[in-house]
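Below: a set of structures, written as structure tokens.
You will see subunit A twice below: alongside subunit B first, and alongside subunit C after that.
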Partner chain A sequence: MSSLSAQFTVRVAAITAVAAAIKRFRLVSVGEALPPFSAGSHVTVTMKTPQGRTIRNSYSLMGNRHDTAQGYEISVLRTQNSRGGSEFLHDAVKLGNELTMSGPSNLFPLDRRGKKFVLLAGGIGITPIMAMADYLSEQNLAFELHYGFRNRTHAAFVDELAARYGARLVLYEQDQGKMLPMDDILRHQKLGTHLYVCGPAAMIESALAAGRRAGWPESSLHSERFQAAAGGAPFQAILTRSHQTITVGETQSLLEAVEEAGVSAPYLCRGGACGQCECRVSAVDGVIEHHDHVLSESDRAQAQKIMICVSRVKGKSISLDL
Partner chain B sequence: MALDFRQETFRDDFSFRNSPHAISRFPFPFWEDQYMYSINIEPHTAGKPGSVYEFPIDIDEHYLAEMHDRALVLREDPLRCQSLPHMITAEWDLLELLMESLARDYPDHFALSRDGDHWHWRNRPMKIEQKFTFGNVATLPYPPMEYITRQCQGDFCLIDQREGNLWLDAGMVTTQADWSLDFDLGMNFMEWHGPVPIAHEIGVMERALKYLMAIQVGRPVRRLNWTMTINPRLDTSPENYHKWGADRLTVTPANVGEKLHLRVEVQGLWRLPRSNAIVFSIRCYLISMNELVTVKKWGRRLPRVLKSLPEDIVTYKGLTRYRQTAIDWLARYDDGGVTSSGGDPD
Partner chain C sequence: MKPLFAGIKSRPLYTGVAIDHAASHHIWAVEGGGVSKLRAILTGDATHLLAASTILVTGDQAAATCEFYHQKQADSCHHMQTVQNLVTRLAVMLSTARMGLRLYVLGSEDFIGQVAATAQRQGIDFDDMRTEQCGSLARLVQCVHCKGMIDHVTTNIVPCPHCGIQLFVRDHYSRRLGAFQGVAVNAEDPSAIPTIEEIYK
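Presenting the complex of A and B:
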């Protein structure tokens, strides 16, 4: 592995069920003190499954950004059809267990020049948005927080948010037929307002489209889209520099398969957002399924680059400069 | 170890000198007899005890004199220290980084105690004691960046990261090699690097930008930069060009040993945790030619390096007027012997 971040050994100091299928974990360093972090930051947690597999997933940071002696907090949604990281955290990790965690990294930072902030969260997308609301409230900056979820059972932190932010919080319960009215929210905001949206891909697209319709500049529209890599049919990867041919399993990302083979590849977010794991492609037998948010349409058309943390091949094999 | 601070000046009578100890730890930047332009970035990790890399922030015998010179520069020109309003969190980050480093690494001179937001700072050499509330600007006599950089050697720039670029949005810059914070403030990475001769080589600046934007908390990096300065003058700013520009015409074979100085900058880059900004530190070390040739290896190597410089580098660094005089004078210290690789003395 080749992370650009510092690595910490952390102990699980608290596990709290905060909604159906969502658990919050408090992770305390057993060695060096954890640094303070900026709102929007994430960490990468390394998990070793009983089957001997290594999974690394990124999670947004919540909790006290200044007093980190009490640890960092992450909230994890148990997802089906995942590569097993969220299941492992939900089912196998117990109080007192030790995990490896990266230092904080921020790919979703607040633009501190903003005059006002509109925060939109969908489901588990509330986690980075919580840290932002905490910062904005602490700095006495203007913001409104719109939070959509399926129903109360599945929504984390509703009571906590309501107690803290009162009228600045607006809730939308899907089962009661309420959806985030993107156009209404974004149409009449004052100049210098910045949008921050995190949630399912469709919600993000709808928010960005509404922002554009309302004439917002691109530089005021911010979204966090990184997601854990999805699985898929197995395929072969030919690593041309290290002269190895490896099989990428159906519940494994390409990056994980490369790491398992003992080949070092740089990474940061492991969610297709930062661009650090970009790899040159010399041949493909099949079609590259790009799941990242970095490569442009023309990059994709040329099929000479791939973000190996989230993208796969539909077909037989791919040759990589690794 | 307690430092012995010198009383000296960087203007008027130029009484700045290096002790033998300061000479022995000078960060001589030439690793071989030829100068090769390179990005030369390495992790900013602890170096040999006694070296300028022993601690993340280096304090040396020139500390008090440099802080006095900074105060004089600021009195004449307050715009050497500027910060755009959105950089206030980064200012506190910088204050924390510098106070923690100095107190940890120089306990004889600096002390910091923290009780939540209630901080107590002591700077014994400057006879400063300050209790303040971290995060509350009203509890310090200056804004946080200005407060701490009036007490720390080196220039500091605070760089915001947004829109896929880096923005020079705050800084304390009084010991600069001919660039102006007031001019560059608010510019992005591509804009402020406009004058660098290699910039038009396609892709170099883009790669550097991408690298810098990926610097992580707790993983600082550093590089060396160098130029030459006539007289040990820290403030070679465009604002004061009228005071020092003509000095370049005063170098003669008789005075080059005393007047000409190699100027080396140890540049550090840290990701700041609370603000996600980057601090760019530029710590200047000066050494006269007389002092430099007391190290045999450096006396041999410097004339060889100066001879090998490409013309565009000579022009960019402003060496044109006196390069040959320097080479001629230094040549007597080059006995033609072999030099070992690396910058350290043999």
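Presenting the complex of A and C:
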């Protein structure tokens, strides 16, 4: 069930700086036509760095969902302390370059039975939310979009959104002291409303907590928080089924190191959100640092499972059923 | 012939009406045998809960139930003459309601199905309702051949009053309609009618 099953070679057809440290890329297929995608979908982009490393990151899809001959669009925030994926896209990728990209998958789909939709975006979290607003507006469904950001320089698509959605868009500029008033937003929504929130982890937690305080059922609270894996100190991974011992480098994820060793492991979101890459742990010399949003507290306490896309080991080594 | 309980995923589970204290308002839809369960869970001394409760009740004990909850100062209690009246009143209520309310449904399977189908159209997911099956197991059945509805079905096989086909009452359930599926039991040989048993009393 690896996403490697549907891969497209895409050419970078446009690069636009849309805010400080955010670039939008339009990716056009050089072969087979790209399929239409649903709002909330993401793709995994495979990057080969000049040093010969392979990095795979997931990005939410934007742009025209129907006419995919124009290509898919992704927007990428250049992050510090990352493993180099966003830096590579920002600094090394030029117009006309080719990249490998997976087909779309959607772990953040809209519940179309909703009577109304409250969309909350923080910073670069605007990307899936923007595709949702596009869909809802096209379907003439009721929605409101609340968008929080540090300041205008760092906020992508503000003018575009304002022109499209007028009074349905509310902006919150942190530097002006404005934060999303979660309780006020969620307290008086009509029955059948669904919340979709994407942004920094603290913002997501605060939105979900406000929803629960207002008595919203869990089935109406939707969030997406996948983020690229962070690096860390190197450690060893012993792959028991393929009889290999590999080193997971400082700027590499465990999944990337496994793939580099030629071992195929299942994955889908590469951001700790979907649970597809769950792997059995037979031994660990050190402590597992779980960064996923899937495993429960008791799973973590047992230390028998790990999501290899985002989690690491602080210590010497881990033995995996791969 | 036995009912096909196993493996039918569409058939809802009625997991009980535990009170959700996170909710800002509580709506209780109650029919017939559901009254005694309601009285047991929404007791007269639950002042805070009563003040945030709207009750819609139908059946023999509806009048006495309303009198009790009026005295105990529930937010409101409505005595509805029929299930259809109750469902219509609920639909109007929900159409202007806010997020944060919780719906509790207590009564026969047929009643739960009709209330749930209406509530779902107003935006409440089935799994977010609290349901408890009390009293009759009688079913609302839809004939798959003519689409006619048959209520209070208590037998494994029922003749469709609309088109005359002998229907086998399946566990295959439509949450949209709140009804079970009825399919011709003797399609191959119209003269063969299996033994009719009352199994949904």
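To be clear about the criterion, the second predicted complex is superposed on the first by the 318 of 322 C-alpha atoms of A that agree within 3 Å, B and C clash if a C-alpha of one lies under 4 Å from a C-alpha of the other, contacts with A are read in each partner's own complex, and residues count from 1 in each chain.
Quick note on the criterion: a contact is a pair of C-beta atoms (placed from the backbone, for glycine too) under 8 Å apart; a residue touches a chain by one contact, two chains touch by 3 or more.
Remember, it's a predicted structure, so these values are computed and weren't measured experimentally.
In the superposed model, A:G199 lies in contact with neither subunit B nor subunit C. By the document's definition of touching, of the two partners only subunit B reaches A:N106; subunit C does not. Contact with neither subunit B nor subunit C is seen for A:G271 once the two complexes are overlaid on the shared chain. When the two complexes are overlaid on their common chain A, residue A:R65 makes contact with subunit B while staying clear of subunit C.
When the two structures are aligned on the shared chain, A:S38 is found in touch with subunit B, with no touch to subunit C.
Shared-chain residue A:A6: touches subunit B; no touch with subunit C. In the overlay built on the shared chain, the residue A:G123 is in contact with neither subunit B nor subunit C.
Of the two partner chains, both subunit B and subunit C are touched by A:S219.
Under the contact criterion defined above, the residues of subunit A that touch both subunit B in one complex and subunit C in the other are 113, 219.
Those residues of subunit C that touch subunit A in the complex are listed here as 20, 22-25, 94, 96-102, 120, 122-125, 127-128. In the complex of the two chains, the subunit A residues touching subunit B come out as 4-6, 35-38, 40-41, 65-67, 103-106, 109, 111-113, 219, 268, 274-276. Against subunit C, the residues of subunit A that register as touching in their complex are 113-115, 186-193, 212-217, 219-220. Residues 84, 86-87, 89, 116, 160-163, 210, 214, 216-219, 273-276 of subunit B are the ones touching subunit A in the complex.
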